[in-house]
Amino acid sequence: MTAPLKDVAPAERARSTSFYEASARTRLELLLDAGSLIEFIGPGQREVSPHLKIFDLPEQFDDGIVVGHGRLDGSPVFVAAQEGRFMGGAFGEVHGAKLTGLLRAAREIGTVPVLVLFDTGGVRLQEANAGELAIAEIMRAVMEARSAGVKVIGLIGGRSGCYGGGGLIAGCCSALAVSEPGRIAVSGPEVIETNRGVEEFDSRDRALVWRTMGGKHRRLLGAADVFADDNVQDFREAALELLGLVGPFGLDRLKAEQDRLAGRLRSFGACGDAIDIWTAEGIADAQAVPELPADQFIALANRIGRTSRDAR
Amino acid sequence: MTSWQNNRAARDARIAAGSSVARGKIVEAHDVTRLLEAVVRPGDRVCLEGDNQKQADLLSRALLAVDLSRVNDLHMVQSGVVLPEHLDLFDRGVAKRLDYAYSGPQSARIARMLFGGKIELGAVHTYLELFARYFIDLTPHVALIAAVSADREGNLYTGPNTEDTPTVVEATAFKDGIVIAQVNEILETVPRVDIPADRVHFIVKADKPFFVEPLFTRDPAAITEGQILTAMLAIKGIYAPYSVQRLNHGIGFSTAAIELLLPTFGERLGLKGRIATHFALNPHPALIPAIESGWVRQIHSFGSEVGMDDYIRARSDVYFTGPDGSLRSNRAFCQTAGLYACDMFIGSTLQIDLQGNSSTVTTSRIAGFGGAPNMGADARGRRHPSEPWLRAGAEADPDSPAPLRRGRKLVVQIGETFGDKNVPLFVENLDAIELAEKLKLELAPVMIYGDDVTHIVTEEGVANLLLCRTAQEREQAIRGVAGYTDVGRRRDRGMVARLRERGVIRRPEDLGINPLDADRSLLAARSIKDLVRWSGGLYAPPSKFRNW
Amino acid sequence: MLDEIIASLFPDGHEVRRDKGVILGSATLRSGVRMLVLGVADRTALGVDEAIRLSGHVLDSIGRDSGPILVLVDSDSQRMSKRDELLGLNEFLAHLAKVLIHADTNGRPTIGLLYGHSAAGALLATGLATRVLVGLPGAEPAVMDLPSMAKVTKLSMEALQEKAKSTPVFAPGLSNLAQMGAVHMIWSNAASLADQLEALLVDLPAARDQRDALGKERGGRLKAAEIAERVRDLALQVR
Amino acid sequence: MEDLSFRHPVRARAGGARRSAIVGVVASGNLEVLVERVLPDAECAVEIKTAAVGFGEVWSAVIGDFVERYSPGGLKFSINDGGARPDTVSLRLAQAVRLIAENGQ
């Protein structure tokens, strides 16, 4: 047998591991300080969805989400990571309740931040009512935790993106980091196409999908404050950066967000495409944005300077 | 008095009839059906250029619209039956008989139409075979071809996707046929002359560029651990020991995995410069990392690939390019190169039987074969010697005196024991045989014959069929790498163990490969985006492969 | 229908306007308390333009008024369009929900009144972001409609309807959402809405989210409360 | 869905100290394997819930070869299968054994 092909330091492994590709567990393992994750209701507890069997569908022992406690640069954090490959990372009853419980504990403690690694298509169809309600409960729990002083950071860069109710939860977070393959939206491309026709949205035009919903557009719009390159180490650094930036939540933030969003509608409400928005933001060669490498894009986004800091 | 120039006279009459709707050689797009009605005669042999990538789509729509009283019962002789219109011609009665080579996306419909008697089938060919017959007994009366641009005299620039065009035009124009080209634009001067004007009789400016399918792009994100393991086995178990430098790859994910492992796994094995230096291959995006790492010296291509133009232009040391800088592909020459100048073909298939025969035909799909049967064949005639060829020959026939011994081309079938939807790769009997019975074909549509196959690689191991001395050994060698398929589970365990001792079957551990190391982190690129990065931004993938 | 509902809720008069599907205004309860009123009418899709007006209406009222807030809902789903997604619909919907939640937890109790249709993101940003969600008979919320479900699950409508008999977990309908704990109560059409509203305001539940407990009590959602509680306990112990 | 269960006597105890480990995800063509060190050293059990019905014989062959090759004594494997191919099953089982053999909790 040959020796293991890779035997490298954790940071190097995290740097060489695509966040997009990695499983929820691998993301957490490499995002947090080595060996620090303590999982709550792990797969050994076999708390599976009680509803999938109605549809003769396979269950997953953790119902598609890992929640727990870990350390980031030595400081305690709560974490939740969705597995985008199981049922598209969708919210079901058990899946959602795990995140709700975590956020409620964070609110009671008040000082330990929460990192949510989104990777979700939204509500799990087979338990739609339970999933929808779970999302409503999570949104409320996020806001109550933030009101109690907790920083809730969303990290978005998974295969399933952050769609449906996941997009609304992300909108409730204190701050977001997003990578290029990450997408944030409510309706998915196929849903829009099915309901409104291919003229409204061609879901197979992936360049269109990404420039409408993808990480670069969300960053340029100021919806996400940090752009991460697609590796776990970059997301780790993004999380640390955001934890340093986020201030306390209050009514002023909501008023600022109202102004921020209303301003966005005034500035870009008539734009038909992301290219028009980027051009209106003052980007000379807007067409080239999707092709920009991460470092150049980050420099560009910082120059444009649109952010939701203190306004969400 | 006997006339010896009837065909020339007929050609001139056709040109004269067609000229009534043309200005010079130029015909307006809305007049093309009228042109075809003037030029094409009932029962004509027509080549409607449909390669596996480039499609004369405007001309196929125009042909479909002809007045049936003037044009009917055509005999289509074309390499690719790819567009729905290609089959609509038969449904409508414009065409009756078909000789072809490849039908990828139309494979299910063509099967239904053959069963329904809508199509009178000549034969399913390989590319080279059909091209050869263009010059013997299937010479087209009319060729409807696609080019990028033309000048007013009719000189054509066929661009990176030149593919079949020179061959089709050669056969048609020099045997008194009519050549009609659709072009994306008409220019004062074409970038380079791929087809001289005196072989082209009419040109039509299409309303939109001809359709090209990105057929050779495999997204590295979809490559599985099983495919990586299989690729590792192939590199270490075949490429390395035979020192295979000149080769052709199929288009499956397993060979894409090999391409992406060269700069990582291959590099670690010290194989750079010793293997995979010269290819007969389309411009596979998956090969970019190997090219950029200095593995590949030269590639000749059958066709091009969407998005690769700028990259090819910038890497003219590797690819064949014209004076204008863009790729010049040529299917006939590249097929010939694959047949005579390569020491190995490695590719996938849908079914392999106990003798090693393989086919991509199933009872409901007749995909045709394209180039694989030529690539995957040992040309039996005299050939120049090379290290892999001689070594394979010696393994197959250790007893003959070396100066008189034929070498063997390495023909490698690579795949996972179970394919899509858990369909087994290995079968007792090919569906092709059942199909041949149903359609009353004299010959089952076998793609690669078992006696040409030298190795089979699956995730379970490498079977070297050259070392098998009896039919029974051969069968057990195949069963011995057939995994948990029915064929694999019915192996004679004792015999398989003995074959392994002789090195006929080699497991991962026999090759020093730990299956647990078969990890996606080994891939030089794990996404299309990585390929773009490797190319320095020169590769511009089509939208459907993007996630940015 | 909306006019009748508003008239029945606020017999003493109101200034509630409806404009392009958006309900904005306020009304005076018989107790004299001013109630802020907002919502979505006429089965309008909730897009960025609607959401920003609704959130603005609530924010304008904070600091100026004091009474409870009523959210009337008869909406489509979120607006499914390229433009809305391009502009960040998720932020607009989340913002509306956040404003409602913030108001509720800061002395402005919120009540949702679901009197028509609603679905998906629109329901999350309105009714499900209030403290108490009330359903009126005839309301027809649908997180996911059955034909779409049939398409995705490749099951027939009949099979889905059959399955829906044994569980409230996926099928549309007010009673299913009530069983899940999403809809707190269903009012009567026969009685005065003003009476029922005032009775609710007198005996308003605490601001703490108790929907999971409610779902368990009603047998519609047996696991959520227990799982959330277990995670919470474990998380509190880890410090 | 189909439930399958296999028990095998085993030559030797599996290496390592971890109590449990999990690999894989439940997705089309994929599976998760939860392995727990809960059995006597000379026993091994595999419990499977699979979306692909009617492949008991193949599972039996895969598990038989796996036990023979890795001697996973003391381990209980619980599998949720989304219709994975046998080679993927073998790989995940091997990965599970490797993971539980690592040092850790």
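Remarks
Every chain is named by a letter (A, B, C and D) in the order it is written, and numbering of its residues begins at 1.
Methods note: a contact is a pair of C-beta atoms (placed from the backbone, for glycine too) under 8 Å apart; a residue touches a chain by one contact, two chains touch by 3 or more.
Remember, predicted model here, so these are calculated numbers, not experimental data.
Contacts with chain A and chain D are shared by B.
Counting C-beta pairs in contact across A-B and across A-C gives the higher total for A-C. Central chain by Cα centroid: A, whose mean Cα position is closest to the mean of all protein Cα atoms. Of all chains, the one whose CA centroid is most distant from that of chain A is B.
Averaged C-alpha coordinates put the centre of chain B at 59 Å from the centre of chain C.
A separation of 43 Å divides the Cα centre of chain A from that of chain B. Mean C-alpha position of chain C lies 46 Å from that of chain D.
Chain A and chain C have CA centres that are 25 Å apart. Shown here, the protein chains touch in an arrangement that is not a line, ring, star or fully connected set. Contacts between chains, counted with the stated touch criterion, involve the pairs A-B, A-C, A-D, B-D. Per the touch definition, chain D reaches chain B in the complex via residues 52, 57-58, 61-62, 83, 85-88, 90-91, 94-95, 98.
For chain C in complex with chain A, the residues that touch the partner chain are 48-49, 52, 55-56, 59, 62, 78, 80-95, 97-99, 101-102, 105-106, 120-121, 123-125, 128-129, 143-144, 149, 152-153, 155, 163, 166-171, 176-177, 180-182, 209, 211-212, 215, 220-236, 238-239.
Note for the complex: chain B touches chain D at residues 224-226, 229, 416-418, 422, 459-460, 483-484, 489, 515-516, 518. Touching chain C in their complex are the following residues of chain A: 38, 40-41, 47, 50-51, 54-55, 67, 69, 76, 78, 93-94, 96-98, 100-102, 104-106, 108-109, 112, 123, 125-137, 139-141, 143-144, 147, 162, 164-165, 167-172, 184-187, 191-192, 195-196, 200-201, 212-213, 217-218, 221, 223, 251, 254-255, 257-258, 261-262, 264-265, 268-269, 271-274, 277, 308, 312. Across the interface of their complex, chain A is touched by residues 1, 20, 22, 25-27, 30, 32, 34, 36, 49-51, 78, 80-82, 104 of chain D.
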